[in-house]
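Let me begin by handing over the structure; questions about it come next.
Here the chain labels run A, B, C and D in written order, and each chain numbers its own residues starting at 1.
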Amino acid sequence: MDGQGKNSACHTFGVVGGDERQVYLARAIAADGCPVLTSCLEKAEGLPGPVPLETLCAQADVVVLPLPASRDGKTLYAPLAAGPVPLDEGFAAHFVGKRVLGGMAGPLLASAAGWGQVDFKDYYQREELLVGNAVLTAEGAIGAAIAGHPGSINGGRCLVTGFGRIGKALCVMLRGMGAQVDCAARKPRDLTAIKALGCGPVGYGGIGGGYRFIFNTVPHLVLAAPALSKQSRDCLLIELASAPGGIDLGAAGRLGLTVRQEPSLPGRASPQAAGELIKEAVCHILEEG
Amino acid sequence: MDGQGKNSACHTFGVVGGDERQVYLARAIAADGCPVLTSCLEKAEGLPGPVPLETLCAQADVVVLPLPASRDGKTLYAPLAAGPVPLDEGFAAHFVGKRVLGGMAGPLLASAAGWGQVDFKDYYQREELLVGNAVLTAEGAIGAAIAGHPGSINGGRCLVTGFGRIGKALCVMLRGMGAQVDCAARKPRDLTAIKALGCGPVGYGGIGGGYRFIFNTVPHLVLAAPALSKQSRDCLLIELASAPGGIDLGAAGRLGLTVRQEPSLPGRASPQAAGELIKEAVCHILEEG
Amino acid sequence: MDGQGKNSACHTFGVVGGDERQVYLARAIAADGCPVLTSCLEKAEGLPGPVPLETLCAQADVVVLPLPASRDGKTLYAPLAAGPVPLDEGFAAHFVGKRVLGGMAGPLLASAAGWGQVDFKDYYQREELLVGNAVLTAEGAIGAAIAGHPGSINGGRCLVTGFGRIGKALCVMLRGMGAQVDCAARKPRDLTAIKALGCGPVGYGGIGGGYRFIFNTVPHLVLAAPALSKQSRDCLLIELASAPGGIDLGAAGRLGLTVRQEPSLPGRASPQAAGELIKEAVCHILEEG
Amino acid sequence: MDGQGKNSACHTFGVVGGDERQVYLARAIAADGCPVLTSCLEKAEGLPGPVPLETLCAQADVVVLPLPASRDGKTLYAPLAAGPVPLDEGFAAHFVGKRVLGGMAGPLLASAAGWGQVDFKDYYQREELLVGNAVLTAEGAIGAAIAGHPGSINGGRCLVTGFGRIGKALCVMLRGMGAQVDCAARKPRDLTAIKALGCGPVGYGGIGGGYRFIFNTVPHLVLAAPALSKQSRDCLLIELASAPGGIDLGAAGRLGLTVRQEPSLPGRASPQAAGELIKEAVCHILEEG
């Protein structure tokens, strides 16, 4: 985790658009001793004055676009910019001849033919970023659970559905908080690994009742009426998966259960940590050439 | 922890005043199958209609007053009552001939001579309640840390000052969240126990820098300018101790450090869990006769 | 993990050869309510009398061979048999028409052409068995560390080299024992995951000194003279990887460091748990058809 | 834990009798840079040649006697001495005018009137030593459990009886190994604290069956026939308390249960760590004057 600035020190970085994560990303690059310019971040606090995109592109040889690069395929994801930043051929043309990195870049790359000329890498395909984001999601989910329930995690029974990156991190941390944790999964290897963590392995068909918290990490329906109807109204459900998610919201509503939607936790709850993870992924990509 | 309702089932309970904890206390008693009346809780939701204090005292043989019973020695602590409830001889006279339990009861007992005639016990002297409250405080503090910092607990360096009930619970839980935890204490036995938990033992004179979070649990100054000046501005300090607390607020302010005051966390962050802890303490007192 | 006997109950099992793991495997199958015969386990205690292989094959429709099925490709791995069991065409011929399962079966399958006619599956390719075995290896390694060093794991600095299945389990458990754990790995994703577990991520080139225990899980040289020479003579090294292992034994010897060879821990330290894991893997294979 | 040698550096130490712990104690004092002589340790390896007691007492101003100082009240506890060292007036007379420290010193001090003239402190009354020894006992017990059972701690159900220093350490470490841990205790405060650690609180009257391991830490009968008869023969009981211990050995024997007696684990399993703990306690006593 150390010395990542070394190789990167020969670059001048441009950080363009995005949310607080990009602000912390820019600060982390500067803290490594590299020159960094920012653009489309006019409303951000604590950054040396943003420059026009032309200026940035004239000086920077590496440009970091946000995560996601675009939500709609028409504008840059840039909630801290002075105004909307349209994705057109003119925008794409700025980046020819530079190394450009961005996250979840499909809609961006489809927005203009000019992107075909750009040396582009999607840092959100780096496994270390996905792992780190999953840990931040788990921590943010625990924060949401503490804030959202009048009871405690400690001493309570928790269910995690799914044993991917986020589910794993939740199992470890919830148990570390002193909860009794069950985790629902399908693969035998996962059930064995769940047990090895000191948690209770459960098949999706065998979900019982009495949970104080349920954390869903699966993006398709795994918590339908039969499982939901076994829970008491004190149970708080936290949806962490992307739409449509794993919780039958209609059934939950009819049963009087509370569901908190908590998408995109790293950016909202831990923008500094999330920005530093992006910085590390960017450095690894640059180091690998 | 089981079957505590058994002996208690022969009592009719009155729950008077207090905050959400008293509401959950009343619900927990009812869930044990005991008759329970409430008073001075008119604004609470989800309770069967509160009755006048006279009615309650006419029927209940055990009365539970809040924690604290009174903040000012002049009125009952009753933020959910329709109006202020003065502590006078008339108030005290209601309780003669009943078993009355309340928390931090000094100001209440000093408010009227009539309390000398009442069979009163302070449940806040029960060690199991103090231990349980410390755990809720630690969990609430972790919630405050997650909510209050753009970085993460996981992977971060944390300092806990003090190794009493709250400090111990924090060491265990923060480590369980994947932090690197140091704990400052004075007694050699505590330093040994800190190390045994896998945390780093530190004397108060040897506090270093580089912490992302500092949790103070000591009610007198232990974090003065020399220790504070070693921290970066990214460090979040959380004050958990009662006034005056352990952090030199003036020095922290001059150094640009952020201090969050987080007193009375169990009642604010976990009123259900806190109310159930009070119920358990009350049951233990009744069982012991 | 439950009800695995259900589908299996329609089978008659034959358990042939192997060590204590096979004995516990046979007991676990019987505890599930299935008929089970054993052969080539004459010296085992607590088993209903072993039968000749012919008898077993006449009755059983599923036969479980040991892990490994053979060490030398010439005889069955059968340390508890009355005598050596040669692997020849006659041996293979017994199993035609049956479902046969064995572990690390390469040498066995190469021993006779007849195996081409047998419906054979290698259960050691089941991920749940590999995961479970890794956990048993980690626990056995901790037992070896406690038994082999006059100091304690608790409060000590430990290094784990490698972050595969065994390395992961060691990181979690050693930290759970109250150690300060570093883990050396190469991939950025692993370094991130190591940090997320609250352990210290280290590159192989950056291994420092001062460890009380070093656990190697990498089967090729990762601990050479430069890293070894930084350790004190109080450091105990435990080699868990298969030959040639990751520790330069010559350098360790010259430096006066102690290296414990601890291969095949699950079978030696936890034969019951290991046998039950094999049983589960066998049941999963049968359930999948 | 740092710099303890500083104040101690002005002393010349004599280390007399005892087992391997005293050897490591002497080495730790020497590593702090203090002169140290040894006596009654002739059979120990790796020590600079022991000197006669007269020589030692002529030079040392602080003398550390073993833990225990004497088992029988007639001879020094000195299994590594060339021969028995009788406790008579002549022995006591050596120590007049010196600071002498020993552990569990009752029988020693009763052995000769001359001890009344000696400046003596019992270091085994230091809480930090008792806490540290409890942790070593817990770790040694886990080692005994791993070595003594063909199943695993990980994923298994464990019962700890008693929630004193050793019970607390066992709860934390066993859970850290991935076990499901119940702990039996009597006091409500302990049951609350057990739950807060993520373990299951149990009253002594409510001990159920199905444990893989039972660790007793209570020195009087708490595991009698009713509780023992609920366990399967796979259950391993480990007795850690001093005689008579908490397990009804007769009942256990009739039920076919295995009981391992594991007294005095720190000295046997972790003499280095135990010796260093004694050294720290001695230094604290000297620092306090």
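Simple rule for what comes next: contacts are C-beta pairs under 8 Å (C-beta built on N, C-alpha and C of every residue); 3 or more make two chains touch, one makes a residue touch a chain.
All values reported here derive from a predicted model rather than from experimental measurement.
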item: Intersection of contact partners for chain B and chain D; value: A, C
item: Label of the chain whose CA centroid is most distant from the centroid of chain A; value: D
item: Distance between the centres, which are taken as Cα means, of chain D and chain C, whole angstrom; value: 35
item: Approximate Å spacing (C-alpha centroids) for the pair chain A, chain D; value: 49
item: Sites on chain A at which at least two other chains make contact; value: 135, 154-155, 172, 175, 177-178, 195-197
item: Footprint of chain C on chain A - complex, ascending; value: 1-2, 126-128, 130-132, 135, 169, 172, 187-189, 191-193, 195-197, 201, 206, 277, 280-281, 284
item: Chain D-touching residues of chain C, taken from the complex the two chains share; value: 20, 24, 135-136, 138-140, 142-143, 146-147, 149-155, 172-173, 175-178, 234, 269-273, 276
item: Contact set on chain D toward chain A in their complex; value: 154-155, 175, 177-180, 195-198
